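What follows is a single structure, written as structure tokens, with notes after it.
For clarity, chains are labelled A, B, C, D, E and F in written order, and residue numbers in each chain start from 1.
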Amino acid sequence: MEKMLKKSALVVSAHSADFVWRAGGAIALHAARGYDVHVVCLSYGERGESARLWRKGNMTETIVKQHRQEEAEAAAKILGASIEFFDLGDYPLRADKETLFRLADVFRKVQPHFVLTHSVNDPYNYDHPLAANLAQEARIIAQAEGYRPGETIIGAPPVYCFEPHQPEQCHWKPDVLLDITSVWEQKYAAIQCMAGQEHLWEYYTRVALQRGVQAKRNVGIASPKVISHGEGYQSLFPRVTEDLS
Amino acid sequence: MEKMLKKSALVVSAHSADFVWRAGGAIALHAARGYDVHVVCLSYGERGESARLWRKGNMTETIVKQHRQEEAEAAAKILGASIEFFDLGDYPLRADKETLFRLADVFRKVQPHFVLTHSVNDPYNYDHPLAANLAQEARIIAQAEGYRPGETIIGAPPVYCFEPHQPEQCHWKPDVLLDITSVWEQKYAAIQCMAGQEHLWEYYTRVALQRGVQAKRNVGIASPKVISHGEGYQSLFPRVTEDLS
Amino acid sequence: MEKMLKKSALVVSAHSADFVWRAGGAIALHAARGYDVHVVCLSYGERGESARLWRKGNMTETIVKQHRQEEAEAAAKILGASIEFFDLGDYPLRADKETLFRLADVFRKVQPHFVLTHSVNDPYNYDHPLAANLAQEARIIAQAEGYRPGETIIGAPPVYCFEPHQPEQCHWKPDVLLDITSVWEQKYAAIQCMAGQEHLWEYYTRVALQRGVQAKRNVGIASPKVISHGEGYQSLFPRVTEDLS
Amino acid sequence: MEKMLKKSALVVSAHSADFVWRAGGAIALHAARGYDVHVVCLSYGERGESARLWRKGNMTETIVKQHRQEEAEAAAKILGASIEFFDLGDYPLRADKETLFRLADVFRKVQPHFVLTHSVNDPYNYDHPLAANLAQEARIIAQAEGYRPGETIIGAPPVYCFEPHQPEQCHWKPDVLLDITSVWEQKYAAIQCMAGQEHLWEYYTRVALQRGVQAKRNVGIASPKVISHGEGYQSLFPRVTEDLS
Amino acid sequence: MEKMLKKSALVVSAHSADFVWRAGGAIALHAARGYDVHVVCLSYGERGESARLWRKGNMTETIVKQHRQEEAEAAAKILGASIEFFDLGDYPLRADKETLFRLADVFRKVQPHFVLTHSVNDPYNYDHPLAANLAQEARIIAQAEGYRPGETIIGAPPVYCFEPHQPEQCHWKPDVLLDITSVWEQKYAAIQCMAGQEHLWEYYTRVALQRGVQAKRNVGIASPKVISHGEGYQSLFPRVTEDLS
Amino acid sequence: MEKMLKKSALVVSAHSADFVWRAGGAIALHAARGYDVHVVCLSYGERGESARLWRKGNMTETIVKQHRQEEAEAAAKILGASIEFFDLGDYPLRADKETLFRLADVFRKVQPHFVLTHSVNDPYNYDHPLAANLAQEARIIAQAEGYRPGETIIGAPPVYCFEPHQPEQCHWKPDVLLDITSVWEQKYAAIQCMAGQEHLWEYYTRVALQRGVQAKRNVGIASPKVISHGEGYQSLFPRVTEDLS
């Protein structure tokens, strides 16, 4: 019953840093509001997103993964989320049926009120769409009465795709602009945990500022609301509501 | 200042019955919650959507328009909205600059918190996209400081396209499913004012039931929420929010 | 040679009830006209589409599958089709190379004049697109001279995607509206075999009525043709014809 | 009543040669089958599609238009169609309300069983989409009981967009491949009437051959049907049928 | 003949500042390389894009337009372009046939090797797509032998759509990333001429930095090429080339 | 170091003849200019694209593959490319992780300046999109520092999709028209090596002529440039440039 009392969210991240750049604001915002936010990192991004570490020399996959895990745990802590690692390997990320069930079981356990994951297209990164599709299929399985009959099934939590690196090339179009002004400092602190990808710190700061300006535009410049930083999301399902304002 | 105290909405309807079939639920729902909902009918639909009246014989455009106005006023009253008629003619609907300014002035006066209008594509009905584009351009003009300088400009109210008659053919995809269960009786009463289009009563009842089932699906069948009737809407702008659940 | 004398059709259904809701009219219509219509159910939908059965308690997958098979056989009989079950499992449905060849062999045996299957997108149900892609790839293999050389290859039967549960969300757009007025009673009788999904009976009755109204619109309200019920289909290939009327 | 006895078709051509390159096969095919096929040329293409004539020197718009009219009449005769010229001017083609009604009146008079016109997108030629939209809106008006009440309204004839010069750039995708093998000689004779655009003769011969090969592919290479020449069309409305083969 | 010797480009800008934010880099880059770059400002943006000026009070449209003209001329000078103003008015921008011919005449005079203009969709700004369509249709007319026969027609210069304010909402997808690193200082100096829109200075600086990072990504991080600033463009026509590297 | 001195290109072909019909011009053109062009044939197309051979009778897969290999090698020689065969089998083509790494290793070895492969959609041929996706994912892996650390990673070579058999049905839209006039004779000689698919010789000759006419159109009919033959390509990534003409 406690499950019902506390709200929760699930973030499915292909590599161990994606959830920070792309969804750090959403995580901090909802954690601050009392949500249990849980992050699943499908891989450490040890091959494809750790160039700086490899260039240091004397590296092994084990060491790289350990570095990446520590960075991700530190970031999750700052954002207020719990985190786990599936360690599936990256470049390429692959998921078999057992992985699908493992993720479906996380859905069942977390009972998320919403889900964050990657965009379904990304010509620069095939691991990202794979993660998005895995998250979607796991959600569907966790909804099925016939999967582990007797367990509590999940509802129909909305799924939001976070922003890819080159949004237009991924046919990603945000229909939600999340105001993360109040948690920006926290998100930037989490970003700074990603020592191996420092070149992205300013890139994603600018992304946040641009989405902030756009959010402000979409509430109207006449509005008294101050919005400085934002995150964009694309919904995969229609929103059910009784309020259009 | 009173303007700020009361919420409002604007509905731009190509013909005098469109707002009933397509947005009657949204109007009743928000009127019940205290919104001033204002409907602009650009035409009476006297040529294109009054077949039954014409078939009676002994008809003139003046009489048809009068019939249609009475029906629309009765429906608006039931739904709790104010209504006005631009009488631009239909089949084809055409709008010049003066009409655009006239509608921009309505935006300025109403200061809507949201806007409802037609889909931007409809191969079966060229008046509908024209109305949608007119509404959009009027909104843009009403936002401009340089239009009638000194007047209070409007904010950036979200625009929702209501459901066309054959949704897939219009490339219309709902991203909002509005739960209109609580006002369905009212909507159906308004629908019944449309004596000249009785063949559509059951059609739009079924639309409401289908959208209701879909809304229920999208909150999850496990949810205790009862939803029997719905209306679908497609947003034209991203939603700004601090809450993803 | 008899193969050439009798027309035939093939229906590839992800779960054992899909062919009823989505293509029951097409099956009955063509069966009545003398076609051999053959249905392949890739799974029983035992996990994902048998919620009511599971809720009864004391259930096992074997019992659920048996129930579902009986229902599907009864429905196929009413519609006039033969039916077989691949029993691949659902949620998730998966198909290896051997399954692909098994289905290609069915294509070779049936030599279908047209093929019915699912839409290629469905964010609510990943089994459906998988079935559609499997059907398409099997069709391609069955066309190849080099697959089981010496066997009679198939022609290029048109493939029609039947209507998903939430059509717009699946980017499904019907380009064919099939008039099923003459077989509606039969389709509804088949629908009633699906005891475990009674909540869908009225939903798909309304779908049929809406598509009927739309079909009537697309032949013209002035036409004397009476159409009360329809089914929508999306073609995957261009139609070859000598007649545009 | 005679109206009902004879089938008819309407072709709306932006410039006076478009109907030949793009729809000559469809016209000849249906004329041969007894249809009254009527062509409306909205302009002569005197500015934009008569380069060779202008280069001769000593030209005036009047002479160019006369040349073009003679060519078009000769081609229509070969194809078996009647033809009329609206002489609206080209580059740019523009149509006011009166032109719209004029064309709607042609629809009423012809009572077409199908309509052929341009694609709705063409970045190389803005007159073409304008013609397509004009044809569509005129069709809608001719369907309305309230337009010239008392006249016989038209049904809902299918509208097919013929092939633009650079199909992919126009987002044009054929869903109908018309087998014009039996009338190809006739179409090529009509093409040869277009003395001013000889550079296009071979281009459109190749188009016909490519569409022929594709048509053959889409009936299946195993089929005994011989198809050497084709024309591609994109439907704007769903097809209503009782037969999927 | 000199026309042939010197390369040229044409920029069609809806309002008098658009060419600076959106194409300042391209202009400076090509001007530096010896192109004659000519800018046409269809309006001054006096109503819709001069909010700061209007808020000063004691403003008239005449004064606003004068301010805007001075700013635009100063920016054009810095970028190395010539500039002219059509003064058509904004919010709404409208263009009749005479304006179309006026712009076609500019095309004829400039004989551009490429054309820059707005995106063809923008739900936030209806003047922008109108400008893009006007530019495209003028280009088509300027290509026609029959328009002002005897004059030198233009070739088929590529048309590039520059970046709108909220790119994804405009369905704008860049297929060209222009490296403007070498002229960024110049562009930023031009941006600073726009005293009335200071809130956009940093916004478009960030746009340039993001497009710079993306350009670098698309040549490969291993490449020695330094790219810090970029501009994105969407082509409307295929590129003709003999070199794919 | 030599690697850096010589330019190179990689072609990933699903079946052993695809590179000839679809990219023969590009290969010959760049080989003539000194590029090392390397072709990988994933399969021989022994099942799906060797109908004529199978019809001869007395065939085995081994013999068919040998024939196909000889034809492909002869064609590659004429075009000036090196070639290798992965022999993965066709109809269906399937690729596991090892194949992916094998292709990534080819990318590393070739260090291509551009990549040619299939379109990402093709409802007629599921092997083609599989090849395109395999090529794309291999390219991504070859870019990763963490894949075989210490090896030289590749840059970000542009990827071009060559023309499928029925372009519009594959949602393929060329944004590059390659002028292959100078190497057409060579391409046609290579085409003639494909003895088993003689029915395609004229088809792809016409494709080349049509793309040639379109290329000419897109540089402008007034241009002195002679273009008789072309090949169309669709880019998957934005082009980075400093020159828009």
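FYI, a contact is a pair of C-beta atoms (placed from the backbone, for glycine too) under 8 Å apart; a residue touches a chain by one contact, two chains touch by 3 or more.
By chain, UniProt protein names: A, B, C, D, E, F = PIG-L domain-containing protein.
All values derive from a computational prediction rather than experimental measurement.
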Count of contact steps on the shortest path from chain C to chain D: 1
Chain labels contacting chain D and also chain E: B, F
Chain at maximum distance from chain C, centres defined as averaged CA atoms: E
Distance between the centres, which are taken as Cα means, of chain D and chain A, whole angstrom: 52
Computed distance of Cα centres, chain C from chain B, in Å: 37
Residues within chain C bordering two or more other chains: 51, 124, 169, 174, 214, 217, 221, 232, 237-238
Contact pairs between chains, per stated definition: A-B, A-C, A-E, A-F, B-C, B-D, B-E, C-D, C-F, D-E, D-F, E-F
Contacting residues of chain C [partner chain A, same complex]: 46-48, 50-51, 54-55, 59, 61, 64, 91-92, 94, 123-126, 169
Chain C to chain F touching residues, read off their complex: 97, 100, 133, 136-137, 140-141, 144-147, 149, 236-238
Chain F to chain D touching residues, read off their complex: 51, 124, 165-169, 171-174, 202-203, 206-207, 209-210, 213-214, 217, 221, 232
Of chain A, residues touching chain B in the complex: 7, 9, 26, 29-30, 35, 113-114, 116, 143, 153-158, 160, 174-179, 182, 214-215, 217-223, 227, 230, 232-233, 235, 237-242, 244-245
